[in-house]
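Naming follows writing order (A, B, C, D, E and F), and every chain is counted from residue 1.
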C-alpha cells in the first residue's frame, strides 16, 4: 500500500494523463508502471522527472545498458526495492545477460565491502588520486 | 589520520609485503596506495580482498571500465570519500572521458532522486517486474 | 514477522503496560501501534523512547506538523518503511494536506539528487558556509 | 579537491555562464558557490538542476524555510557534508533561529534512533497506517 | 520474488552443488537457505563468499556470538531485511538471550541517534581521538 | 567547522555545565570532547543523550567492550567519521586489542558485502528465520 494513491487513467489529471500517454508512445507499450501512477498525484513533478529521465538515460558517451547497470547499482546501495526490481527488468530488456547480471552483483558486493573497510579504517585519500 | 596504522614496506609482515609486491607487479607501478597499507594490519584479509578484487574486476561479460563506473556509483551512494576518489582515478586510467564521467554523475543523481521518491511513496513493485 | 514478539496488554510487564496506558491517554485512542508493542520486550527502553519522543515532538520553536515532515524526510532517507508509513499517517493527522505531502516528497527527491551529485564530485565546502 | 574541476566564470561555457548569471540575479549576490562551479562541467545538467531546484524550493503549500529544514534533514541522513553546511546556511538566511536549529537537530536524532530500532526489530506496518 | 533464480539442488551446477553440500556438512543440517540458492547463479562468487564467511566468522580474538551481534548491527544500519532476520536467527543459535538481544537493539538505536546528531552538527574530530 | 558553536565551560549554560562536570566525574578526566561541547547549544538534549548513553552502555547482558564494538559497527555503516574515531578510541580504552580490531573490521566488511549481495538479488526471507 503506497502513501499516495496510484492513479488510473481516469483519475489522473489531464497533465498527468499526457505524461502517461507519452510514456506509452516512447516505450511502445500500453503498460504504465506504478511509479508513474504514484507520481501522478503531483503532475508537475511527474512531468519533470519523466522528461529528465529520458535525457539522462539516452544514448550518449555511455550506452543505455551501462546506464541501467549504474542505476541498479545505486538503487541497491540505497536499498530501494522497487527500483532494484524495475531497473533490473529494464536492464534485461536492454540486453543484460545472466552473466552480465552476475558480474554486476559481484562488483556491487565487492564495492560495498571495500567501502565499509575503508570507512572503518578512516583511510586518508592519497595525493595521487586528487591530481 | 586512520584508525589503524598505514604500514610502510619495512613495517609490513612478510605476508603483507608479498601482497604489496604483487600489487606493484600487476599494476606496473611502484606506488602502493593507502588502502592496502591500512589493510596490512591484517595480512589475511589484505590478501583475501586483493585476490578477490582482481577476480571481480577482471574482463568478463562486462568490461573493466564499466565495472569501475559501477564501483564509483556504489561508492557514491555509500558515501565513501576514499573510494570515490580512488575509483574515479581508476576509471580515468581505464579510459573514462570527461563526457562519460559527466553522464555517470548525472545517472547517479537521477537514480538517487527516484530512489527517494519511490521510497517516500512506498510504491509496490509491479507484477511485471517480478516475472 | 518481527524479530521480537509484539506483546499484547496481557503479555506486557507492568512497566510496559503503564507506557501503553500513557500512550492511550496522551493520544486519546485505545490503539497502541506495533512499534510500542515490539519495544515492550525492553520496558526501560520503551519508556525512555516514549518519554523522549513526546519532548522532542512537542510544540516549540517548530510546530508539531513541521517536526512530522522532518521525521518523514529522515525516515525516507534511512529507508525505514514502518516509519514512513507511521509518520506520514501522523503528519496527516496533524494537518498535512495532499499539496503539502506532494511538496515534501519533491523536496526529499531533490535533496537526494543533489546530495548524490555533490558526493560524486566531492565538492569542497565554501568558506562562506562555515561562517 | 573535487573529482571534477570547479570552473571560474572565464572557464565556464556560455551555457554554464548563463546559469551563473541567473544564480547571481535570483540570489542578489555576486557569489556563486562551489556546487554550481563543479556542476558547470556539464552545462545541461547544471541548468536542469538549477531550474528544478528553484521550482521545488519556491513558496507553495510549504514555506521555503520549512523546505530548507527538510533539505537539511535529508542531507544529514544521507551524510552529505557539503549539503549540510550549505543548506544549514540557507536555512539561517531564511530565518532559522538557533532554537529552531536545535529542535531540527533533535528531531533528526530522534528519527534516526527510532528508524534503527524499528529496522532491527523488523516491525510490521499496522493496517491503520495504510488506510 | 528474487531478481535471480533460487536454484534447487537439481538445478545447481556441480560447483554450486558442492558448496551446498559443504554448507550442509559444516552446519550439520540439511537446510540450505535462500541466500546460497540465489548466489548459486554464480558458482565462483558463491564459493568465494562461503569460504570467506567461514574464515571471518570463525572463533578468534572475538567469539562467534559477538561477531553475529556485529553482523546484525551492520545489517540493521544498512537496512538489509534478509540479513537482519538470518543473522538474528544465527545469533540466537549461538546463544544470544532475549536480554542480550534487547541490549543489542538499544545500542544500535543509541548509535544511530548520536551518529545523526554528530553529522547534523558536523562536529570536528578531537585530536585526542586520532592519537 | 561545526554548524553549531562548540561551547567552552564559560560559554555553556549552568545546565550544560552541570553535564560537563558529570562527564568529568564519571570518566575521571578533565577532558570534555567536542560532541558534548556541540550538544551544549541545547542543554536539555545534551542531558537526555548523556543520561541515556550511560544507561545503554553500562554493563548488562553484554559487556561494555562488546557494546563499543557494536557502536563502531553501526557508526561505520552510517558513515559517521566522528563516531568511528571516538568509539574506536573508546573501544581501545576498554580493552580492544589490535587483533580484535582487525576482526571487527573484517566482520563489518563481510556484512556490508553480503548485505549488498542480498539486496541486489532481493532474496526472500526463509520461513525458518521467522520462527
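One rule holds for everything that comes next: a contact is a pair of C-beta atoms (placed from the backbone, for glycine too) under 8 Å apart; a residue touches a chain by one contact, two chains touch by 3 or more.
If you're wondering where the values come from, they're calculated on a predicted model, not measured in any experiment.
Chain D and chain E carry the same sequence, and matching their CA atoms takes a turn of 180 degrees, rounded to a multiple of 5.
Most remote chain with respect to chain A, judged by CA-atom centres, is F. For chain B, the chain whose average C-alpha position is most distant is C. Computed from the mean C-alpha positions, the centre of chain B lies at a distance of 27 Å from the centre of chain F. One finds 21 Å separating the Cα centroids of chain E and chain F. Centroid to centroid, with C-alpha atoms defining each point, chain B and chain C lie 34 Å apart. Shared contact sites, meaning residues of chain E that touch two or more other chains, fall at 1, 3-4, 45, 49, 52, 56, 74, 76-81, 84-85, 88, 102, 104-106, 108-117, 119-122, 130. Taken as a contact graph, with one node per protein chain and an edge wherever two chains touch, the assembly is complete, since every chain touches every other chain. Residues of chain B that touch chain A in their complex: 1-4, 6, 31, 33-35, 38-39, 45, 49, 52-53, 56-57, 60-62, 66-67, 69-71, 73-78, 80-83, 85-89, 97, 99-100, 102-104, 106-108, 110-126, 128-131.
Interface residues of chain D facing chain E in the complex, by the touch rule stated above, are 72, 76-77, 79, 81, 84-85, 104-105, 108-117, 119-122. Residues of chain E that touch chain C in their complex: 79, 84-85, 88, 98, 101-102, 105-106, 109, 116. By the touch criterion given at the top, residues 1, 44-45, 48, 52, 55-56, 130 of chain C touch chain F in their complex. Only residues 3-4, 41-42, 45, 49, 74, 78-80 of chain C touch chain E when the two sit together in their complex.
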